[in-house]
């Protein structure tokens, strides 16, 4: 590292400026991510594994898997999204309250994976905005945990206050 | 105007308002909820009258059991709001209702301004004698539960037995009624 | 103390009471919040997991030993979860009945908090050798008050189920109303023998007073030992009334998704969540008062603490210990037993608990009469 | 304004009874008719307790106790009848309950 | 702070269109209820449209296809070996057993005889897969009945199995272990000892689960007499596997049509009597015990020799070191990788007794390395077809238990 | 195991049957008018009470008889399967009798066969798609249908409105590489078999 780069460089930390209020809200949000398990296929078993005793997603406070979309913050799309299922995934995503995040778990959810066929949607990002992609078929539970930590990092960098006021004004207008 | 007066006014308004809203609400569920408000307010009035035991019974029996039953039935039958379907009865009953109501208002107005025996006889809120259960032949009003028990099991022994039988009869009746419905359904 | 109280204006007493009430609400809500954490931690313990241990406040986390310790306990997890609800979008589905939809969570929470007004949680020793029970209102029909008010809690659930205008919540609402009506009966009947036992001929104070019940267990049997059947019935009914597994019909997760609160999100759901645990906290406290001797030490023993403020604190602490133990029991059962089916719950209530409660009552009527007669 | 008197309670009792009566007469939904009946009984209860309190006599209060008992029984039977009626007629409106109509 | 918005979409709406149709057909106090496809009880993406009368189910219409990924079409477009990974993802609770079933059916088409060691490895992994699948089945069944803790206990055991799988195949979950004509690699050193150690420890864990469930009064109330399938129905609807055996029919392909050397091992086939959910649960637990028995026999008499068919030059790719050193092997490898294993034309149907039931492959070959048509006979698909008949007459809460006891996997049901 | 006597007897009894092969299991070809009779015969008079599988084969667009239905029965007495081939009537609108009245398990198999091949089973109680959604216009397992799929609208219009998603042909680039195995060397190079989207031909617009 050259000496003149030792000084503060916003790029290193992702070039975001987070205000105090943002920091508080983000702290709250990132430590209370309640997943909505969209267990569609094989990855759902690894999702279960990450909630089970060895990997224990509850350490992050994320074992509160709510099956009602209204009570969850983060949709983990675990498995192959077929065209028939896509509509359901989208509807459930719509029912989640803001702020909401989506984790595409596994190759199928990310890109369609090995299922290049007529019935499979080539990536869930066709219908819902994805925040974190996890590679693997299926990803190991460690990978999912890593993705959740990445998601926490991402939440930590959001400008939440702006988003809050913006959506409030959008509603009032 | 003191604190108790305020409470009285509040409870009275709620009780009466709840009742009126109840009979005029279109949806049975809202009717039931207004009814609950009314009943709890009546319980509040009982408290003002220092009948604590009755107040609690009022909440326990009416709000806790009777109205839950009502709500349960409303949901079970999935009764919607009354439609615009008019009935011949409605006009007649409307007239009758308005008539009755006005008579009642007149009656109560008379009561207020008339110096009837009731309003004169009572020294407004007589002090309570908490220590004795009976005063001669009469049971003495008291806030304690004990006096209720005493009254029920001495002077009102026969009525309480009758009430017990009544409840039993009601229970049997309800069971028979609901049984019959099921049998008819099967046929 | 009493003179002091009598010297006050009514609004001053009111103000003091309100302050106390707020303090108690705070205490109960905190306990409710942390019983959620306890649930997560205890379940983790039972299943060989760790439970929440990553959440930590930035500054406290950097304190050398205490920080990591608190972090490991997950102390900050409820903080994050509770506050998150505040910053989450409030979704009101288009098909709901708005007024009742908003009303329902409040109705669910208020009775749970109201019952605590008559809950004694300790006693205060004045210098003159008097003991004053610590409670907001010493009602001589305290237990009836609790039964009456807690029976109102069902409205919250019923209304939530109905106003959501959606099928799963509706089923949850119907189930819960039937269940709560059924078990209230058994609960009330299981308490009658207690009153019979506690009230002695010639005693002026009503045996319906919770303080009286607690004091009757001082240096004597706990009522749990005298009336085990009543305690059992009461406990089962308590499980049913608080909608805990194995009786969590209104929200059975696997078949009704979330039951009555399926359509609720963010803050309103949070209130339901807290209300459920507040019910558990209060229920445990009531069971402690009636059957476990309240703040008194152990059966047949006089309290080992002195009759001054230290004793007061120790008594309250002992009371809380028992309550927390019961909360643990609630959690323990939840993570051990499977769930009943709805009709089995009703069956248990009407054909098993109710006859048992009646038989229990008859038995104690005969027993108490016989004891009284032989004493005379 | 002067303090409240027993008369106030009595007026309220009358009004409650009246409102209940009005409900019985004007509503067609039998569920609401039943509820209105309960309201009438409540009015009576208020009056009875007031008399009991002012007359220093417990009889009135005890009477309220009995009224509540009877009311609970009445509601149970009434609702059971109503459900039976609903199963037969698919309606809980009073005009549909007539046997000889239509 | 938090803005309030109104949204018009509800869970019920997804079903509303189709449910409304049913609603009109029958009486008016029926309620159409949509269960799934994202619902905790459906273990994936099964969807049931129920018609309720009170709490009683009058009609049940399963809707499948939410996980239809076109496996059969994919199979027609790739070589036999390329399809092995797709078989992992059929019944994703027991990938190893699927691999074996697939490999055997292709080998049957070629008439290939495998060396004993290879067969023993396959039996071993099949039984391990069965244990893994049944463990999850038991745990999830308990979870459906409301008991969460047994699920965690069984999953802990599964994690131990995963470790073993990982050591054997390199992947913990989707193993792709078999090849046509053998297995991907020989067993690692000391692995058998670790397997037998696992088998010694497993009974303690299952006993623990049994303590929590088997004699639990509530669990019995929930499962006994619920979802009873008679012998006749079980056969008529083509049930296989534990679900069929729980109804009292003694059909286990490992005994009746032994493959891969199952005839050498001594084991019992547990049979239920009443065919209810409880019996299905008991049969699974007993099958785990029998699997341990088989595994112990396999390990006790583990054959040495080659772990792949050495004579199958056009089918099984030669070992890596030979490819790098010998021209002939290099060409052989190139041909197998590019054109696929050369399979003669013909048709074959083979069923293997998988944890969920009989997993069948019907392969029509016209020669070459690509199948002309491959039909996968998925046990879950057949087992679920009885739902339409089984569910009506039960209560809503029974559905969770019935579905849990049928122990299906949508991956192979929808393919 | 099924022995030769059994086969002979079967063939004599039912003249509409013909023996195809007996390699892995007894394979019979059955006349389509009698196949329901034969199914009920197998179920009621023989011991083949388990219908394990029912599917179809598409013999290609040029074949004389394009679709044939294949059925596997299992006998718990013989411990063996019988495979029955039946040819479908028409190449354009293939039709065949349903055997779900005899074997209830055939119900879903037949629906699946209809879904995948478009073979209509007459007298079936509920002949509609089972795996694909109801409005799906194609039959995926027919030989002319590309693996990648064909552009169709998504079944949910409201979701399409928001997301602008549709059923698109899957990208085959880097997909399964298969060589034809015959012809000149340049043609037998392994390549993505389904050519809806490769390096050479662009993604269809």
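Chains here go by letter, A, B, C, D, E and F, matching the order in which they are written, and residues are numbered from 1 within each.
The definition used in the following text is that a contact is a pair of C-beta atoms (placed from the backbone, for glycine too) under 8 Å apart; a residue touches a chain by one contact, two chains touch by 3 or more.
Treat the numbers as computed from the prediction; the structure is a model and nothing was measured.
Contact with chain A and chain D alike is made by no chain in this entry.
Shared contact partners of chain B and chain C, listed by label: none present. Chains B-D form the pair with the most C-beta pairs in contact. Note on chain placement: the centre of chain D and the centre of chain F lie 71 Å apart, centres being C-alpha means. Work out the mean CA point of chain E and of chain F, and you get 22 Å between them. Chain A and chain E have Cα centroids separated by 30 Å. Multi-chain contact residues of chain B (touching two or more other chains): 57, 65, 69, 76. Across the assembly, chain C contributes residues 47-49, 87-91, 93, 253, 257, 262-263, 266 that each touch 2 or more other chains. Contacts with at least two other chains are made by no residue of chain D. Contact between chains, per the stated criterion, is found for A-C, A-E, A-F, B-C, B-D, C-E, E-F.
Interface of chain A with chain F (complex): residues 83-84, 86-87, 90-91, 94, 112, 115-122, 126-128.
Partner chain C is touched in their complex by these residues of chain E: 1-12, 31, 33-34, 39-41, 55, 142-149, 152-153, 156, 212-213, 216, 218-219, 221-222, 395-400. Those residues of chain B lying in contact with chain D across their complex are 1-2, 4-5, 8, 12, 15-16, 19-20, 22-23, 28, 31-32, 35, 38-39, 42, 45-46, 49-51, 54, 57-58, 61-62, 65-66, 69-70, 73-74, 76-77, 79, 82, 87, 89-90, 93-94, 96-97, 100-101, 104-105, 107-108, 111-112, 118-119, 122, 124-126, 128-129, 135, 138-142, 147-148, 151-152, 155-156, 159-160, 163, 166-167, 169-171, 173-174, 177-178, 180-181, 184-185. Considering their complex, residues 38-42, 44-46, 48-49, 52-54, 67, 69, 79-80, 82, 84-85, 87-89, 91-92, 94-95, 114-120, 137-138, 140, 164, 167-168, 170-171 of chain A touch chain E.
Touching chain A in their complex are the following residues of chain F: 131-133, 138, 140, 145-150, 154-156, 159, 162-163, 165, 167-172, 175-176, 194.
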